[in-house]
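Same chain, two partners: chain A is paired with chain B first, then with chain C.
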Partner chain A sequence: MNRLRVDKGLAYSDVILLREGADAVWDISVAAGASLQLTFIALASGAETLSCEISVAFEGEGGQCLLRGLYITRDSADVSFRVNMVHNLPRCTSRQLFKGILAGSSHTLFDGLIKVPAHCIGTEAYQENHNLLLTDDCRAQSLPQLEIYADDVRCSHGATFGRLDADELFYMRSRGIPEPEARRLQMVAFASEVLEGVPEGIVTQTLGVLEKLL
Partner chain B sequence: MAENEEILRQLSQEYSEGFTTDIEQEFFPKGLNEDIVRAISLRKGEPAWLLEFRLDALRKWQGMKMPSWGHLDIPEIDFQDIIYFAAPKKPVRKEDVDPELIKTFDKLGIPLHERDALTGVAVDAVFDSVSVKTTFQKTLAEKGIIFCSFSEAVQNYPELVRKYLAKVVPPGDNFFAALNSAVFSDGSFCYIPKGVRCPMELSSYFRINALGIGQFERTLIVADEGSYVSYLEGCTAPMRDTNQLHAAIVEIIVEKDAEVKYSTVQNWYPGDKDGRGGIFNFVTKRGLCRGERSRLFWTQVETGSAITWKYPSTILRGDGSHSEFYSVALTNNFQQADTGTKMIHIGKDTTSRIVSKGISAGRSQNSYRGLVQVAPGASGVRNHSQCDSLLIGDGCGAHTFPVIKCANAGAILEHEATTSKISEDQLFYLEQRGISAEDAVSLIVGGYASDVLKRLPMEFAIEARRLLSVNLEGSVG
Partner chain C sequence: MSDILLEVKNLHASVEDREILRGIDLTVGRGEVHAIMGPNGAGKSTLSGVLAGKPGYTVTSGEMLLDGESLMDLSPEERSWKGLFLGFQYPVEIPGVTNTMMLKSAVAARRKALGLPELSSAEFIKLLNSKLPLVNMDKSFLSRGVNVGFSGGEKKRNEVLQMAVLQPQLAILDETDSGLDVDALRIVGEGVNSLRSSDNSFVVITHYQRLLSYIVPDVIHVLYNGRIIKTAGRELAAEIEKRGYDWIIKEANEQA
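Entry: the complex of A and B
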């Protein structure tokens, strides 16, 4: 298990490229006034299975946690993300943003929970999961869950499933952009929210994988 | 002055439907076994295939465990301590209903006489285990519409019943469906023939009266090609310190180009403010959009029951079929609700929409649980789900547990949910205009739920608004 603790008032950010067989269980605690930004990237092909479990708890008020995830899967790969975000103290903020691009006959799962126990007022917690399905054989599953026992909170979640927008594609093609390039641009745009601030090496690797989906 | 007294009286009434009717009734002995099932079947003079169906369901039920996956705290239920059949003794023929019963339903605002055609609603009234009266049967028969109690349907239209019974909810579907299939005593049956638009609202009204009984009714609605029907369901029960079980099944079959609207205002006794008593409402409702372009609309307002476990679902099998689910679930005091819907997209170009509004107050727990599933061959599917929760006070809980499974790249699915409370600003604004805190809350809640309430037929919408404000009493301050 990977333990990560962000001390009082500090800010920490990291990018994790998930690999098959490597430990992907994260136990995170965020101290008072601390802020954490973690980005998980899963690029899976062949028969790879990647599963990542993230638990977050707060040690003091005013903690902030941003979790981002990008999964790009093809062939018969299987990727799952499980997030357990427990707002066990008042006035903490969290955001989850997980995006997936699926091809081949790959399977993905996003299973995220925001839990706000009683009296943890002033909580702000948001959760998003977006999936882009490129083939008819892939399977995406999403379980965005809210469990809330306090009233003065702001919590929301959203999940979407869709394909590459045909109108956008037409728009670009009508302006002389070849179809593969237009599709690539659409996927890059979809992923860019997660890739922002990610080291160049990993971005290049990710873009290289997108190329293979065309 | 008199006005103030009226307001006080209104406020002190907790649950106006909580009276009991003193009427001679016949009871079967407590407990559930083959003999009880045989006795129910014999009493109803059922054909052999239906008895076999019941016994098969009983065997399935005996091998099942009560589901525990809900976000509910259900006390142990002793299924051998329940009376499975209770019926008023008096009425032999349907034409002369016991005046006591007419009075009871009048008190509940359900007209059992047909003189008041203004209401424009045909009613099938179920009292404990039997249907006591179905109104406007003749008027409907002129159009070829069959609307009667389930027992009558078994006697008069056995072929139709056999053709459609349990085709949407098989007996072994779940614990409570199996229980219902074994002991169901009555309910409503409705068949709308090809191309007929039902001229009035059809309605089932369920009343639990006797102590210690469970109510197990079945509703079967079949809308043949190109037909239309709007169906309403209401329910109430007396105030008691003990819990009572209600496990119903509703099956709806919608053929090609047909449309069914099914609206529920669920107002079972919710228990008192300390959480004593109340109905356990464990219901299986499911519709099958069998034909192309068929449409099924669910609207529910859930304000009653100590525990609600209910997921009205639609299987969208016909290409181009469409379903919508609109729900308001209000829980107060110690009520618990775990409710939502399932939209299973099998046909091509099927669309669905889910709007769920949960309101929790007091120390209640209110959960939305839903499934949106797209089968591999279902291209062109579109779904939008919106699940909002409103918390009133810091002792309650509001939860959202959606599951979305997509196996087709052509589908576009969206789910969003928010949780919020009534803002101080809204309350302040209304209060400084002379509106009491309590009225302000019901006004805000009414606005929050209006997306759903406006889908209800008018009489039901008024009733639903009244229920929302009555059930919120005592939740502020």
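Entry: the complex of A and C
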């Protein structure tokens, strides 16, 4: 298990490229006024299975946690993310943004829980999971769960599943952009929110994987 | 180089087995501006979509030639490389793809297809910046997502900007005037006019006469029920503005 604690008032950010066989269980605590931003990238092909579990708890008020994830899967790969966001103290903020691009007969799961006990007023907790399905055989599952017992909180969640937009595709092609390149631009655009601020090496690797989906 | 740029012969096209175009004949000479007018549902947007290769339309018979070459089996991008440009009635918003990204990719693909050397980043930016004044746009537009959050007028100006960068032989402007206020109409009209030359042609599709007072056509066609039922000089626009389409439809019915 990876334990990560962000101390009082500090800010920490990291990008994790998930690898098959590596420990992908994260136990995270965020102290008062501390701020954490973690980005998980899962690039899976063949029969790879990547499964990541992230548990977050707050140790003091005013903690902030942003979790981002990008999974790009092809062949018969299987990727799952399980997030356990526990707002055990008042006035903490969390945001989850997980995006997936699926091809082949791959399968993905996003299972995200936001838990806000009754005393945790002033909580802000948001969760988004968006999936782009490139083939008929791939399958994305999303299980957003909100357990909110407190009043005076701001929480939201949203999950979407879609294909590359046909109007965008025709628009770009009508400008002379070849279809594969137009599709690539659409995928880069979809992923860009998660890739913002990610080190160049990992971005290059990720964009390289997108090319293989064309 | 022939004097005829676009030749459409007896073009029939359907959407989901419903025939929309029922035998279009249209010849556009090089350097000419043709307007296609007509009531709602006449097939104006279908014609522009079919010419640009929009998926979803089936050409059931007829021909369309650009500079003597058939467009029929060409992809939308190949038509663009041949010099066809479609100005959209509803320009598409593409979040996450900036104007610069899209145009850079479009210019690079076009130059590659035409066997022209690649532009350096600096050359490309210079090209882009040189076109901005044409449509009264500032540089900040370039780094925004394509059409995302643009007003109606900004979207149409963006279409003209793309046209200016791609320098098509034939530009089809589909209801470019829809949703524009007078100022935006003037900017778009002036932008288009500045791109007119003896080498390129325009097909301006519109409901109303007002755009045609900015972009003055050589020829006006009236499209109705999937056919061109009248072709006349530019003076027809004012008459349509005054009398509507009914008399033209009636005239055509009497001839038939």
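Just so it is clear, the second predicted complex is superposed on the first by the 214 of 214 C-alpha atoms of A that agree within 3 Å, B and C clash if a C-alpha of one lies under 4 Å from a C-alpha of the other, contacts with A are read in each partner's own complex, and residues count from 1 in each chain.
Note that a residue touches a chain if its C-beta (ideal position, glycine included) is under 8 Å from a C-beta of that chain, and two chains touch if they have at least 3 such contacts.
Values in this document were obtained by computation on a predicted structure and should not be read as measured data.
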Fit or clash - chain C, chain B, common chain A: fit
Which superposed partner A:Ala166 touches (first chain B, second chain C, both, neither): second
When both partners are placed on the shared chain, which of chain B and chain C touches more of chain A: B
First (chain B), second (chain C), both or neither touched by A:Asp136: first
Which superposed partner A:Ala189 touches (first chain B, second chain C, both, neither): second
Chain B versus chain C as contact partner of A:Glu179, first or second or both or neither: second
Partner chain(s) touched by A:Ile148 [first = chain B, second = chain C, both, neither]: first
Inter-chain angle, chain B to chain C through the CA centre of chain A, in degrees rounded to a multiple of 10: 90
Touched partner set for A:Ala118, first chain B, second chain C, both or neither: first
Shortest CA-CA distance in Å separating chain B from chain C in the superposed model: 15
For the chain A and chain C complex, residues of the former touching the latter: 166-168, 170-179, 181, 185-186, 188-190, 192-193
Of chain C, residues touching chain A in the complex: 52-55, 75-77, 79-81, 85-86, 88, 91-92, 94-97, 101-103, 105-107, 109-110, 113, 145-146, 162, 166
List of chain A residues in touch with chain B within their complex: 118-119, 121, 131, 133-163
Chain B residues touching chain A - in the complex, by the definition given at the top: 71, 374, 376, 379, 389, 391-421
